[in-house]
Each structure stands twice: as structure tokens, then as C-alpha cells.
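Look at the two complexes coming up: chain A is in both, with chain B in one and chain C in the other.
Here is the complex of A and B:
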């Protein structure tokens, strides 16, 4: 029992020495990064990349302050530096900032179009995977017709942090419109290990310099805005082409990523006078091998209801609905074919049909793997079969128009 | 015969007077089997069919069990180092026992180093490796100082925690919707060759063959007759869990990503993002690692200690824990200069050296015992005749 005081002393001492750890990070010593932008630097190797970080101005974001009156300080600040690797450029930002950069809360990463087109982005994401600080759950977007630096410096309305605004817009687009998807970093990296990839784009409407000021949000209709736009087709890491509208939605439909969207149909003689609110859609891709040649089958099954009508039509009749269903099937099939055509033209298999073939017949896939993108994929037969169901017509059957 | 019995008594008297129950043995075995194998990219050389390679490895483990079981039945009161001397004679047996002890110590060191490296690259990059290793070894030394009974009871508690962690982790992964079973198809993509190669060179010895270390603990069982059931149950259950985890990693990440990752389970759980609220669950994996490595290293270390006590005829194992613990700290620091060397070394050891300890020596012992038994029978029958 004589040991007891010593034991207690040792225990007390260990609480002093063992609490906390080497890797502690105090909140007041950190600058929280909300977004990263990567652009092409210059042609020299030393300045290959220009990296921009968007740091959150915590005091401005904290609740209670931004309630009334005009803000005087921007909610976020951007800093840029150049370097031959992304990691180096990020470290080179240190002299310009007050505290250490803190990355785990990144919400967004944007890539300038020049870099995507000229240099390619296939090798750009290794640092995200390698460093345990990063989560690969944020989206990666490509800036259309502009640089990432410009996108990150635009002040946005309603949502004070611009990256949160972009991500929020992206999420609601995916949920309700279905033309663009959240290209999450882990999915992008997975695509980059293959030859073809599909990344969502973001663009600036208006003058970027005008947007770089709080005046931008003092107007009811801001002169400069950010918009999610376009699906970039990448081949071997280089941006080839932008898909938009029906083509883009077709591509998303093939990838089975559409949750909700609006499909316009002709209403009697009025073109595009009736819209279907598509609530669910499921796409199945299968492959069959015939005469040593793969054939791809795409089966889509989608469901929806009528949300708007612009002509007198009796939706209480089953026959009418059936006709509309046929029309909807045709419409969706056309969109899918448009997307397929674009993919074949670019010789870029971003639908990963190759993997479907591999699942069906691994031996054949090993044989054709090397010629797949360039020679076989553009020639491959693809059968599209769409099944559409219009389940109900809302609270009315006939519209009030006569 | 009398002399032999007397010697057996003396040998067992040098051991700690402790008993472990069947449940404790099961908990120890299960935690032991999970050790690091559940975290690292295990069996991935077989690509999409790694689950099959793990199953085959488990089957080899079952066959090995019957060798160990036979030897245990022959000498139920002796640890492995005890019956090596009985079978191979005083001097050769002693040397083989020593080799086993060095092998156990090496695995201890290896596990502690793996633990340090993983913690360093996953959560605490700025912490020095030495600090992590010292803390881990201190904890291990302490529990071993208190004896195998305490370790067994600790295992009983921690196996519950581990199961809970595993269940929540699995649940979240499934609900996060990242599981794509297409990643596991096609079956036999590259034929049987890589599967068999992985099964016999990698998965059978690590971790199933490593269970040879439990032959040191068997004399402590309070009900030796339950050993067969417990061992097989623990082996099969842990095999299934490992198989499940490996498949889950591939289903979530895809083979390429698993191959690239040093710790795929960490990436798998990193993909969980439910309602933007349940996310960053890395701590589940880090805890799993901590618990399992703690038990694996403790078991290896303890068996090495009682082996030393047995071979050098010491009084108890408490007096050598700290000196050997200190040696282990330096050994684990000087084991490799970087992570790649560490992994490369373990691959080499797993494929070329472990086979002697897991298979060849036990098999030799089996053959020698069988031949001896036959001669004995002949002797006794002859003496009966005359």
C-alpha cells in the first residue's frame, strides 16, 4: 500500500503529458479553405500550375453580423501562387496569408479551361488521394471559357460563400433538372484511371472583374453570376467538347444518374406544349457477344406525371395517355441517341461500356481492350429500349383551355 | 514413463499459473486474426477474386489446425517450445524453440511498426514514430505484466467493441450507397493462377497460419477439450469476416483503387456521407486497427516471453518484460527505413520464411511423432509377446 501515493502522482503526471497530441490544430491558427482552383500557369516548368485558394473570412460568416446593413468586408478572400506541382503552389501561398491553410473543409475544386484543354488533367488529382487531410467527397468542376481564379473571386448573392453557392446549385440541379451531375472527386479519379471522363462545367455570366466586388450583390439582379453549365467530355485527360441540353441529359440518362427532370412533349398541334415531370428513371446496360462482336443494350424505364398542359386535351382517357407515353419514349430515346452519337464521334467511352463487356466476356475484352476506344467503340451496335409510364395527371384531368 | 511424467510436471510448473476460458480464447483468436489483415489491402493480388483467395487460405488454415491439434493431443500440458524438445531431442529442439521465439518477436515488432506507420500516414502525420511505438509497447508490457488472464478478459471486452464498430461501419457503408457489386464481376477474370498463388503464398500464412502461436497458449485452457471447437470456429468466422471486408472494399472502391491504397478500409469508410451529417468516420477504422494490433502484438509478445521462460528456465515472465520491450522498441525503429521497405520485407518474410514456421516444422514434428508412436507400439507389442 506504500506504492499508492507514487502511483497517484504518476497518474496525475501522465494526464499532463498524455493529453493532447502532436498533431493538434487550434482553430484560431487556421485559415479554412473552402475551394481550390487550378489553372495553367505559364509554359515554364517552374510555374506549370497556378493554384488559387478561397479562404473563408470567419468573422464575416459568423451569424449575427451579416443580418442587417451593407457588408463592408468580403466573406471570402482568394490567394494565388504558381509552382510546378499543386502541392508546391499551395505551400507557396503561405507568405501571403495570416495563418496556416486548413484543407479538410474543402467544398469545391474548379479547373480552368485552358489547363483542361491544353495540358490535360489526368495527373492532377494524385495529391488529393495521397494526403489524408483531403476527403474525396467534394465535386470537381471545369470552368467554361474562363479561368478558375476568376470563378473563385465572384461575390454571390443569397449564399455568402461562393463555393457553397455553386455546390448548392449543383445539388439542386441534379435533384430537379438532371442535366448535370455532381462529379465527385472520387468518381473523377476513378474515371481518370481510364481513358474517358465526363465532368460538369461552371461558367461566369457577365464581367468577372465587376463580379469581384461587394457591389455585385448590392443590386437585385447581380450583373455577374455563376452558373452550372455543360458536361465536358475528356479523353485521356484532355477536354474535347462540351455537351449541353438534350445531349447532356441523354448522357446522364445512360449513366443512370437522372433522378428528376422535365420532358416536353407535343400537345396535339402545339409543339412542346405539354410537360412531364419525370420522377424516377432507371437505366440498365447489358452486353451480348455475337460473332465475336459486342452489342450493347440500354434499357431505360422511367416514370412521371403531367405537370403542365397548353392545349385542350382530355387526359382522363387512357388512350391519350398511352399516346403520350409513346411520344415520351421517342423523346428520351432521341436524347440518348444524341449522347451516344457525341460519344462515338469523340471516340470516348465515358459510359464505361467496356466494363460491361468485361463482365460479360472477360476473354474477348482482353483481346479488344487496346483497340476499343479508337476502333471498336465507334462501330459498336447499341440498342436503346425506352419504357415510359405516365402515372397520373395531377389534380385536373382536362385543362381549362377550350 | 515415470521419468517422462516427472519432467512434464517440472516443465509446466515454470509456466504462469493461470487459466483462460473458451470464450476468452475465442476472443483472443478472433482479434488476433483481424490484426492488420482487415485494414491493409489483403489478398488483392488475386484482383476481383480476392475473396476466393482468402477462402482458400482459410481452408489451408483448417488443414494446418489439424496438424497443430494432433501435436497438442500428444502433449496437452506443454507449449510449443516444450514439445519441440520432446520431439527433436534436447539440443536440436532447443534451437528450434529459440527460432520460434525469434520469429514471434519479429512478428510482434512488425505489427507494432505497421501500427505506427498506419497511424502516422492516416491521422497524425506530425507525430514522431518513436512516440507512438513507445506508447503502444508500454501498454502491451503493462497488460502482459498482469498476465494472460488479464489479456483474455480484456479481449472479452474489446471483442464486443470491435463487433459494434464493425457493424456500424458496415451499416453506414451500405446506407451511403457506394456499394457497386459490378466491381466484383466477372468471376475468374484472370483465371485460377493468381488466385492460387495468392492463396498459398499470402493469405494462408497471413493471418491463418500465424495461429501457430496459439500452440503456446493451449496449456492454459481450463477446458482443453473445447479447444478444437473454439479454434475452428474462430478461424472460420474470422476468415469469413476478412473475406467480407475485402469484397466490400473492392465493391466500394474498385480493384484499381484498392491496389493503390495502403489502407483501403480507410478510403472505403471515408466515402460515407449520410445526410451531410454522418461523415468522416475514419475513427472507426483507426480504433479497429488499434484494438486488433494491440491484441495481435500482445499475443505474439507473450508467447515469445513464455517461450524464453521455458527455454532458459527462468522463474517467471514478469522479470524479462521490460528489457525485451526495450529491445523491441529499437528493433521496430530499425526494422525498415521507410514504409515501402517495411512492406517489401513483410512480403518477403510472408512468402519465404513463414512457411517453415507455419507448415514445415509442425509437419516434421507430426511425422516424427507418428514414426515414434509406431516404434513404441511395436516395442510394447513385442514386450507383451515375450
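Here is the complex of A and C:
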């Protein structure tokens, strides 16, 4: 009998069964990293960065196993190491952990304020884009007045994975309040190629060391909490200033990133006695060149409905609504101007007006590019035009107050 | 290295076998029918080995008893009632009263008996010895007359046959409740009941040198493609086997390509399926002794169709077809996708799910692939055990399987609960494929896909699927491409593939299969309510309401 075909078949089969399967990994051999934090290490070059990873302790998160009762093991564990580059520091973590770090499921990256202020973050993100394990879809936040390491070690309530809690809070803030936006890694990296950037902040309320314990969540009101707070203005990669409140919302409005928010207006004589639920907003930025000088036009068109009234006012009348609309326009314009002022003061064009000018007149932009941030931007005329519409008054017209 | 390879591939010298056989022919006798009755009877006894179930009744007929006559039949194959009242009784009694009862020549008597006396359905004049034996063994009753070398074969077949029952492998909730039985004639009659057309043709042949199994070819003349019919006949003629054991033997003899895992001949036990399929131009092959009928040519999508599809409303039938397609895909690549994702692509799993899966896999001693193999293999073992066991014990097997291998294996930490879900889901999905032959094919291919996924991840799985699709495109069933009407694309035939369009829209027969007459509905179609006169118009309604 001719054995040749069978022999060849066996050889082919052995290539399947004996091949190394080099990138094969069992799930239990992976340590899923949920968040990564980068801090300033020390002034020496060898320890330039301190990198902290937050590894998920799956058994504690997944329900079913373990059953009820108080959890005794933390849902996540953090490990830190220092090094002159981020990649090096990450590898230096390996001796401290049981398995291989697995990065594709990173949900959050935080940067310590010291690093952001002193060293700058302009050159920090190259490895994210270079390494195939990373996706650039997680938000990058700056820690306000603290280190990234401390943020990653706070035990949070309701959501066992702290990074998931932060991201969830960030998402819902962006959806309903509009003061802060999700500064996703790909967006941040795009901003880093320019001179100015805007990054959302996160801060610790309370004592970080007290938060690093399961006791933190055993209380109904946890003593240590994490909060999304502030918009950091970056110039050439360094943190300059924190924007908050109206300034911050103005900046987000200019960037056309507000979806929903609440705007408070005066109700007859009562200050801030009426609130508008803004449902839609659209911002258009155009540039015009006059006498070789660029002029920026910001046109905002927003819609909303009345969600709360604290004074007797007849919302059935058209004139009343018109008046409120005028008031809302004024309010939004003020917020935008506040943000503009802050940007001009910091000489940081994080609204990227420069790009609009470049599209309008590339030749002029080439000429003024180098002086734009320092000299021209603070002096540039910006016209703001806001159009506001109040569409509905909710389920009631007249309030019950008389 | 080179010499090693040479040694490896060198043809072995043929060693002479120490077991030598002399091929011998199967013994056959051909004495011819003699004129002498006793000699004939002795020869028959000798040819059949004087079996206990051979019944020979000798008697004399005529007045005075002139002629020696013998009735020969096989007990159990013949109906004794018929033989008694319509053969023996007639011969013994009526002959006395007749005027023509004293013919001098036995040949005259022979003709007289054949034409005037025997009151059974069909009577055959047999001259050939072997043919006589075959008729006898097929259940006919043989009548021999002393002094004449002809035999009469009377059709008085009988014996115990299974009654028509409900279909067991292809049950339908709304469809007809009868299924084929072992007797070929009953089966062909069931289809005849459904198609009362002179164009319904049944061609009988006997296959198998020893078994002499009756095989019937059924088709609708005028719809069937003549080339197909000729091809089928040619392939059937080529069968040179001693024995035909059921329709499966026929299938394996006439199939296009027996290397392919896909079934290329449809098997059914439902007469309504045969009816529908031969109306589309296909050929049905009935084999005596099997309730399973072959339908050919068969295309891939047919194996996802059931008879039930045509008894349900078309929307729901289409939905069910979609479910079956999904079930097919899950059976084929479900476990292998799971393996590929878990071992090579954990980054593609959503984070919460990944955390969950990882938590389940803590402490599992086996790699995912081995775990999956263990579970799939266990399931196949259970399934086989459950089928072969008597029904009462079969239930015990399933209980043990479900409890011990599902729950206990998980709580013992040997397999993860997600793997149990995947394997159980795959098993359930495999039951949605209506035809067992297709299920078997997918069950086998599933293991191939699992190996590919375990070695090369999604890449290997993708390659496997591509190769499989390419192979499926390449095979044919009696000249019809297996993936018709998807490859080649015949849009007109899509109406009855993935969806089932309402009957009035299925106006043409599948094009490649029935090329002779593709139209099967009238040209003018009245869909919806009929013409205006029968409808009550608004005016009429008003008038009616105005009347007191």
C-alpha cells in the first residue's frame, strides 16, 4: 500500500498540533489592568516616571462565586514602579504581580498634577499609540491637587472597580450636566500636536489613606470620594490653570460638546429662580479676515425647555417666553465670554481658532502661526452670537405659586 | 535528512499475503423447469436447501383425478387466505363441473387454469427456473402441473407488515401524520394518493445479486429533467453489489463524492416531502425494506427546510428558517469562536464579560481547548448512549449526564460554567437542524473548527470557514451545484430558500433542477379580495340602513 498521502497528512497535522501557538494565553494567566496612573517619580532621570497600574481582582467583582456577606478582599489591587520611560516602568511592575499584565481593557488613565505642572505631558502618549495592546478609547484625566497613585487606590462604593466608577461618572456628567467632557485618549493625543489642550480633572475629597481601605465603603456616606472636577488648561503640555463652573461650561460650549445642561435664569425679581433644561446646542466657529487680521465668529444655537419655576409667571404668554429667551442668550454669552477671557489671559488657544483661520486663509495662517499664541490670539476680536429657543414649559404652564 | 525522507516515502514492496483465498462463486442452480412434477419439487427443495418455511401442497385435479398439481409458497410471505380461497379451492372444486376439464394436453389445461380458474390479481407465466425461484422468494405462489414445463406465478403476497405510523424523525405539528413503512408498494401508493397524474412514473428494478432488492424510481414525467433521469438510471445500473441493505447502500453507491462531509442526497420518511420534491423535478428512489426514501439531487439549503415550513404561515415559516440557519452556524462555529476569543483575543470581549469569564476560570486546571474537547466529547458519548439504550434506561442516562457532568463538574472545578453553557447551547442548536445527515456533518466539522481555533485563533477559524465554503461550492449533487441558488446566484429561486414566500409568489420551480417546465402557477393571479361586484359598496350600505 502506498503510504505517502497518509504520511504527508500526518506531517501537516503535526504542524497544527505541534506549533507553538505563541500568542496563546489562558484567561486565568492574565491580570486585567483597569486603569493606569502616571506620576512624577523623582528628579533623577532613572526614576522620571512612577507608573501605577490598577489590576482587577476578578473573583471579587464577578457575582455568583463567593456568595453574600461582606467582602474581605479588595476588588482591585494597585502596583507601582518607577522608570525613565513609561514602558520601562510597566515592565518593572512584572516582578510584583502574579501574572502577565493585560492592557486592552484599560478604562482610564490618570496623570498626577505634579507631573502635569512641572514635567509636562506633551511627550507622554507616544507609547499608547505605538503599542498594539492599547486602544485609544479610554479617557485621560488629570488629578487635581494629588497624585495618580492616590486616585487609583480609593475604594469606591456602588461600583466596585474605581476606574469604572470614574468613567461612569464622567459619562453621565457629560450627558446631563455638560460642565466636563470625556477627554478621550485619541482626542488628547490630537490636541498634543498643537500647543494648547484641555483635559478634565478628577479630585479626591477626603483623606486618600482612609480611602484605601474597604472600610471606606462600609459607611453609608464614604469619608473619601472621587469627583470629576475642573478643566485643566494646558499650554505646551504643561498645566496652567483649572477652569471651573461657568468658565468651564463656556469652554465646552465653544467646543460644541454640550449636549444637555441646566441654565439658571432670573425669575421676575427672584435671582436664579428659573431653570432651563437645555436639550440641544450647536456651535459654529467661523473666521473672517479683515485688514490681514483674523476675526472669529462664534454662533451658538441652543434649545431647551423650562424645568423649574420659583415665581408666579405666566408661561402661556409669548412675550414672557421671549423675554426668557433673551435672558438665556445673555447668560450663555456671558459664560462663553468668561471662557474666552480665561483663554486669552493664559495665552492658550485651546479652542483651536488657529485651525479655523488656517482653513479660511492658509497663507495668512502660515505668516502668523508663530506669533499666534503669544501675541495675536489674545488681541483677536471674537464675536459671539447666541440664539436661544425655549420650546416647551413642561407639563404645566402657570406655576402653582400665586 | 534527504535519505530519511526517501526512506519515509519509499514505496513498500508488496509482501505476499499468507492468507490466500480462492474466490468462489455463490452457488446457483439452473436446472430449468422440468415436465416431471416430482423432479421439479425435488429440485426446488434442493435449491432452497429444503427449508422449514417452504410449503408444498400436492393434489390431483380433474375427474377422475387426472392431473397432478402442486402449489408452492413460502410461509410468512404469502397470504394463506388468498391461496386457500382463490387458488386451491377454485382448482379443486370448480374444475369438476366444467365442460372443459378434460383436456388431453397439460398445456391446454395450463392455459385454461390461467385464464379461467385462478381468481387472484395477477397471474404470470414463468418458464425460467431462476425467475420462478425469485417469484417464489418474493412471496408469489407457484403452481406447477405435472407434464408441463411451465409454472404459474400467482400474486398472493401477504404476511405481517408494519402499519403506517406517525413520522418519528421528521415530525410536523400541522402536516400529514403518516410516514413511509418498509414495504415498497405501500410507500409508492402513499405518493400516488397525493399525485393523481398519469405523468407520475414509477420504474421498478431489482438490485443486489443476492438480495434482489426491489428499487423504485419515482418522478413526474414532463417536469423531471431527462438528463438527470438518465444519469440516475445509469448510476443505479452500475451498482454491482451482492447485497443492498436499505436505502443507505444505494446512497453510497450513487453519491457524487463520498469524501465530502456534506450530505448530497436528501432522505425523508414523509410522503408529502416526496410529493413536493418530485413536483419540483427531483427523482425519488424507494428501496424495499427501508422507510427512508432518497431524494436527489439535493442542495445545501434543503437540509435546513422542513415539511412544516409549508404548513405554517409564511412569515413564521421564514422566521423558523432563520432560527435554523442561526442554529446551524452556532453548531458549526459556536465552541470554536469561544475558544478563539478566550485563548487568542481576550481584548475583543467586553470588559464586564471578560471579568466574569476570568473569575469563572480561576482554578480550572485545563486549557480552554482541552476543556471544550472534554465537554463536547462527553456530550457526544451521552448522546450516543442515550440513543442506543432502551428508552427507559435512556432517560436515566440523560439524568446522569445532566446532573453529574453538568452541575457536578462545575462545582468540582473541573470545567467552568461558561463552558457548560457553550456546549449545552451548541447541543441545543444542533437539534434545530431538521435533517439528521446534516446534523451529523456539522457535528463532525465542529471538531475540525475547534482544532483550528485552538491553534490559530480567529485567523484559523476564518481560514477553516473559507476552505469549507470553497469546498461546499465545489461539490455537486447529480450535476446541480450544491450551493444553488446562492452560488451560482439564481435570484428567482431565493423565494423559497432563506425565507419562504407565500405560495402564489412561488410561481416557478427551481430553475436548475427542473429545466423543462418551470412555471407552476397560472398567469393571472387574483390576490386579495375578488372582483368588485361581490363587495358591498358604500352606497349599498347607505341604502340598506335607510330602509325601515
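Definition applied: the second predicted complex is superposed on the first by the 382 of 402 C-alpha atoms of A that agree within 3 Å, B and C clash if a C-alpha of one lies under 4 Å from a C-alpha of the other, contacts with A are read in each partner's own complex, and residues count from 1 in each chain.
Going forward, a residue touches a chain if its C-beta (ideal position, glycine included) is under 8 Å from a C-beta of that chain, and two chains touch if they have at least 3 such contacts.
Since the model is a prediction, treat every value here as computed from it, not as a measurement.
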{"item": "Which superposed partner A:2 touches (first chain B, second chain C, both, neither)", "value": "second"}
{"item": "Chain B versus chain C as contact partner of A:102, first or second or both or neither", "value": "second"}
{"item": "Touching partner for A:137 - first (chain B), second (chain C), both, neither", "value": "first"}
{"item": "First, second, both or neither for A:12, with chain B first and chain C second", "value": "neither"}
{"item": "Contacts of A:186 with chain B and chain C, given as first, second, both or neither", "value": "first"}
{"item": "Touching partner for A:359 - first (chain B), second (chain C), both, neither", "value": "first"}
{"item": "Contacts of A:26 with chain B and chain C, given as first, second, both or neither", "value": "second"}
{"item": "Winner by number of chain A residues touched, once chain B and chain C are compared", "value": "C"}
{"item": "Residues of chain A at both interfaces, chain B in one complex, chain C in the other", "value": "21, 23, 104, 135"}
{"item": "Touch list for chain A against partner chain B, complex", "value": "18, 21-23, 104, 129, 132, 135-137, 186, 189-190, 193, 355, 358-360, 362"}
{"item": "Chain C contact footprint on chain A (complex, rising order)", "value": "1-4, 7, 16-17, 19, 21, 23-28, 30, 32, 34, 56, 58-59, 61-62, 65, 102, 104-105, 107, 133, 135"}
{"item": "Partner chain A, residues of chain C touching it in the complex", "value": "8-9, 11-12, 342-344, 346-347, 351, 354-364, 367-368, 451-452, 454-457"}
{"item": "Footprint of chain A on chain B - complex, ascending", "value": "121-128, 131, 135, 182, 185-186, 188-190, 254, 256-257, 260, 266-267, 270-271, 273, 279-280, 282"}
